[in-house]
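The following blocks contain the structures, represented as structure tokens.
Look at the two complexes coming up: subunit A is in both, with subunit B in one and subunit C in the other.
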Partner chain A sequence: MRGKYTKFVLLTPALLVVLVITAYPLINTFTLSLREWRLDRSPTPGDFVGLDNYVRAFGDRFFWNSVQVTITFTIISVVMSVVIGLAMALILQKPSKLNTLVKTTLIFPFAVSPALKGFSWRFMLNPSWGIYDTMMDAVFPFASDVVWLAHPFWAQFWLAVSEVWGWAPLIALMFIGALGSISPDIFESAKVEGANNYQLFRHVTLPLLRPVIVIITLLKTIFSLKMFDQVVTMTGGGPGRATQTLNYFVYLQGFRYIDMGYASALAYLLIVALTIFAIFYVRALSGEGI
Partner chain B sequence: MKHKVMKRVGWAFEKLAALAALFFILFPIFWLVLTAFKPEKYVYSNAFIFPPVLDNFNAIFSGNPLDFRPNFANSLIISSGTVLIAVPLAVMASYVLSRYAFKGSTPILIWVLSTQFLPPVVVVIPFFVLFRRLGLLDTHISLIIIDLSITLPYALWMIKGFVDTLPIEVEEAAMVDGCSEFQVLRHITVPLIMPGVITTAVFAFIISWNEFLYALVLTSEEATTMTVALLSTLTHRGVQWEWMSAAGMLVMIPVFILSMTIRRHFVQGLTMGAVK
Partner chain C sequence: MVFDKRILRFGLLMVLIIAALLAIIGCAAPAPVPQESTGAGTGEQEAAAEISPEMQAELEKFDLQPGKPYEGTELNFLICCATAAQFHALAEKSNTEFYELTGIKVQWGDVPYGSFQEKLVTEATSASDTYDLFAFTDAWGAGLKPYMIPISDKVEGVDHIALSDYPEAYVQASRGLDGELYGLPLRGHPFMFFYREDVFEDLGLEVPTTWAEMEEAAEVIKAETDMYPLSVYYGINAGQNTFWWEALLWSNGGDLFDENWKPIFNNEAGVEATERYISWLEKEYTSPGSVSFNEQEGNEEFIQGRAAMFMGWWWMYSRMTDCERGAEGVCENTGFATAPSWEGKGQPRTYGHVWPMGINEFSNNKEAAWEYMKWIHSAEVQKEIVMDKSAPEVSTNVATRISVLNDPEVNEVNNGLPKVGGEILEEARTNPIIPEWLEILGILEVGINDMATGAEIQPTLDQMAADVEEIMERGGYYDK
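This part shows the complex of A and B:
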């Protein structure tokens, strides 16, 4: 058949690169996870130790700490991003000059490098000269003694807020797109029936948006589980271990304590968690429901 | 009457909410830009009014005490290199995947999509080991290779979306006239989807430009990118926020310029068809 060879030539290079760059780490990390390998003691991987690294993880309270931090961070950041994003979309969808202006700025926070995002929020939350710290003190006088990033819960909270800053406006854009595709007739007929704004939202908008909300929530969950950069530049995992997400914990084990075997096992546990959400996401996208 | 008051209140509430959103979105960027132009003594107070100076840019460019020029060049080289490899490969493959549904094309697409969910920390461990063995740590090429893992799958999906929207009749007519697939792709399809290709290239560039973890692990001195070099504003006196802000502006400016050029496609690009 004509062109079969051409198709092969066109398709292969990209797929080969994707294969090498993703399958190689998947396989290699897995074999490393079954071996003992402290990079400071030996330049080459050591003996196979079976599932020892995994067993070690389950007995490591710092691992469990990182799991808990990851879950807390993910819940706060996902809920806030989706709720604030939806609220922004509902406000901004009505045509007005101000709303048009705000809509054009929605893309900005997401375009800021996450590493820089972490730095700039850390600056603004500084207890002595941070502008956000000053504003919070003015609004909540009882919080004036709180050093935001030195407090375990608040450090997690603000880390999540820095993530929400990037994502909520982007999610608002996605919702504005979805709202625009709902036929205005539906709203009109509901209004004729005498529905007020709240009823309109609760019984018309929300049910219609449900599939989009599911997809956005899953997408944001995946990205929250992957979040790494701001931990380094905003909190450094601290105070103590209060913001050591699983991602950051893997990084610490692998590149601070250079324990490659253990880091690989931890990385695999992260993959398992992400795979579950990714499967839901792909299924939701292809419209099969969950 | 009561109805009218309610309407007024609702109107005021909507305006206030929109203004609050605007503040939430822009303030961190505004504050960073402001700080970048502040003389040192105004940085550690919440001053809005001050005599603007270029001292901080001088401090991070002159080599005294910091020199971000090599880092800026590294980021440019690595991001451009990544785009120049990822985009042509993605155009070729997505053309076939879009035009010729064969057994296995859907699984291939889902596989390519799912690689985007791989946590970067998983990818970086074996590549760190590999590059270390090959002596490629702290080089541009090692970062270009690993950045392909986040840009190529993305570019492939984006460009496939653009090819999908193109009516196939034009290509069929050209085929009847005796053009080969390769000629059709080069002389008909690519020119028609050029806006889409450029959008994709810009996004791939931004992804690579903002990348942090890979550069943090794989570079130490020679090939350090802008995002990692931000860490060098940390001195024994703590982070020098006026330098960090000036350097941060340099990280943001190229991204903003590029994203303005493709603003219309921005949302679509960011969401990669995540929501249809």
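This part shows the complex of A and C:
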């Protein structure tokens, strides 16, 4: 009795909750994506239109722009977060009172609400009174005429920086944990063999951290793909459409233009992309490799 | 075995509980059916209380029902920015004076402007009765009106609310596509020209009446002071960068659409207006940061003394004249005037921005809500609000009734601003009140921002027009 049914019985409540809060919205959104539904015309969904909303998305240059922006943002933010996080971890891994204090405070940037992050960075980059803008002007006088959020490249860059500011410290903490789990004997042996610091990092630390790097990269990729909050509060998707990420584009269609059918189709395309990365992530976590 | 049975029983119990909950949720969510107007609120009382002659006079003045039939009713009013002076003063009065007359309490929402539209859409379209009244900006109205009750008949029955006492642009924006009235203008704003009187006086400049004169003044200010002559806002934020552009477009004889709903803002007049608008950035009349500024940031440039001229809504006047807020010299020297016109092309034409207020179709307190609307839209209440200068948090110049705008007493305490605002509103117009407007606005504001950051003007306008045409075609505006 115990072996055959218990596990199913114990799992049932959780499965029901998942069904209600995940499966139902997913199925409902999918059916909506096959229908015409403009909320400003009708409070209830309209006719089934087959794959029209998906076809419209693939012919919509603003959709493709948001895909391109999302990919660019994801690459910049993931690479910067992982590299800076790893560098911070290497610096802070040695036990000392100062490092302990710094490690404790590292979690704070991640705890700041993303929307607040966006507002703060917008203020800090303001060309008239922003503290970062003033600092950048002092350090790089040749850039004093640059309005950071008015240039497509720099707007994307600073949007990514605002994300890295929150994520890199968290990733550093993850790496510190991973570095602590590597046996000191391995480093000792390599040193005895004559390895210098660079060789230790290149041939010992990095290979041993590889599984953690993969997991962190996938996790950060998933979060970057659904970037939304800072776009709203920091750039509004601008200049032009330079920072209009896919998730923000879905929001615009759904909640600004209240075209629920089209927004559902776009949301589903985002879900497909996220699912692919989620599968890789789960496989990496379970040690199956990607 | 006993343990197994317990687990089995527990599991089955959980399943039953969750299934029961689901059933309850399912049963409790009927298809959205608009509530019938019952003619009485939840707190309706049959017995009329004794009324003093003074109270009776007050009730008659506002056309309110005697006997407090809705006493105990609590209305929820969904509105943004309740702490802004123009709203705060009304909210305060509602729960003192209106409450004394009717026994109805009104709870004002306070949703930040940035997320207000989403909140409105969610509340309206989910057939929720949480809010009895909505305030909405004109541009959002077309999408919301299917969820509000028509009030044309109700308005006709109230003597003190005459539609002729409102600027035409405000009334138009309060109507639906069917011509019905769905709201009354609660707050409304003419788009005005503000300037630094001291700077103009020092440099011997006259208040510009045309865009060319404004540009001449800008050249002098640029040469003679360390201020930016103008503070423009080209950034993306709820279409704010279109206001000034429209003032140029309309004053140049251009328009957004022709009579067949074909976009025409990329014609000669449109290109000329847009080139002029963008040139102010290139000529360094405005801060380079203007390309990402929203309206508030643009206004802040003026308030902090970094710019000498600004165009914006008149409600900003109370901010600009708040001496505790701005840079030295700004509050005492903020002048205002109508927007400049295009030289040789007649009167200036600007956007008259209005916040109509209407009743949620799903409200259970429609009649009590109408009582509140009768009171809050009266000229008398409007006058009291704009006369009150007792504290900065309630000090406002915002009124929508023409009779209040032209009232000598009101003008005396508001430095003549209401009268100038009224003159602007005579020529003001509204944006197209169509469901597609917000999507179109998205195209316009992004295109303007693109051009401000270097995109070529004619090709960008052409592309914007093509995108707008696609939206209109999808909306079924053209014969196939």
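The criterion applied here is as follows: the second predicted complex is superposed on the first by the 275 of 290 C-alpha atoms of A that agree within 3 Å, B and C clash if a C-alpha of one lies under 4 Å from a C-alpha of the other, contacts with A are read in each partner's own complex, and residues count from 1 in each chain.
FYI, a contact is a pair of C-beta atoms (placed from the backbone, for glycine too) under 8 Å apart; a residue touches a chain by one contact, two chains touch by 3 or more.
These figures come from a predicted structure and were not determined experimentally.
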Using the superposition on chain A described above, determine whether A:A267 touches subunit B (first), subunit C (second), both, or neither. first
Once chain A of both complexes is superposed, is A:P114 in touch with subunit B (first), subunit C (second), both, or neither? first
After lining up the shared chain so the two structures overlap, which partner does A:R41 touch, if you call subunit B first and subunit C second: first, second, both or neither? second
Partner chain(s) touched by A:R256 [first = subunit B, second = subunit C, both, neither]: second
Taking the superposition as given, does A:G236 touch the first partner, subunit B, the second, subunit C, both, or neither? second
Tell me the contact category for A:V147 with respect to subunit B and subunit C: first, second, both or neither. second
Check whether subunit B or subunit C contacts more residues of subunit A in the superposed model. B
For A:G194 in the superposed arrangement: first (subunit B), second (subunit C), both or neither? neither
Pick one for A:P127: touches subunit B only (first), subunit C only (second), both, or neither. second
Which partner does A:P95 contact after superposing on A: first (subunit B), second (subunit C), both, neither? neither
List the residues of subunit A that touch subunit B in one complex and subunit C in the other. 6, 10, 13, 17, 128, 232-233, 255
In the complex, go through subunit C and note every residue touching subunit A. 1, 3-4, 7-8, 10-12, 14-15, 18-19, 22, 31-32, 114, 117-118, 121-122, 125, 127, 142-144, 146-147, 235-237, 287-289, 291-292, 294, 297, 301, 304, 306, 435, 438-439, 442, 446, 449-450, 452-453, 455
Enumerate the contact residues on subunit A facing subunit B in the complex. 3, 6-7, 10-11, 13-15, 17-18, 21-22, 24-26, 28-29, 32, 87-88, 91-92, 94, 96, 98-99, 101-102, 104-117, 119-124, 128-129, 131, 134, 165, 168-170, 172-174, 177-178, 212, 215-216, 219, 222, 225-226, 228-229, 232-233, 247, 250-251, 254-255, 260, 263-264, 267-268, 270-271, 274-275, 277-278, 281-282, 285
Where on subunit A does subunit C make contact in their complex? 1-2, 5-6, 9-10, 12-13, 16-17, 20, 38-44, 126-128, 145, 147, 149-152, 232-233, 235-241, 252, 255-259
Touching subunit A in the complex: which residues of subunit B? 14-15, 17-19, 21-22, 24-26, 28-29, 31-32, 35, 43-46, 85, 89-90, 92-97, 100, 108, 110, 112-115, 117-130, 145-146, 148-149, 152-153, 156, 180-182, 185, 206, 209-210, 212-213, 216-217, 227-228, 230-231, 239, 241, 244-245, 248, 251-252, 255-256, 259, 263, 266-267, 270-271, 274-275
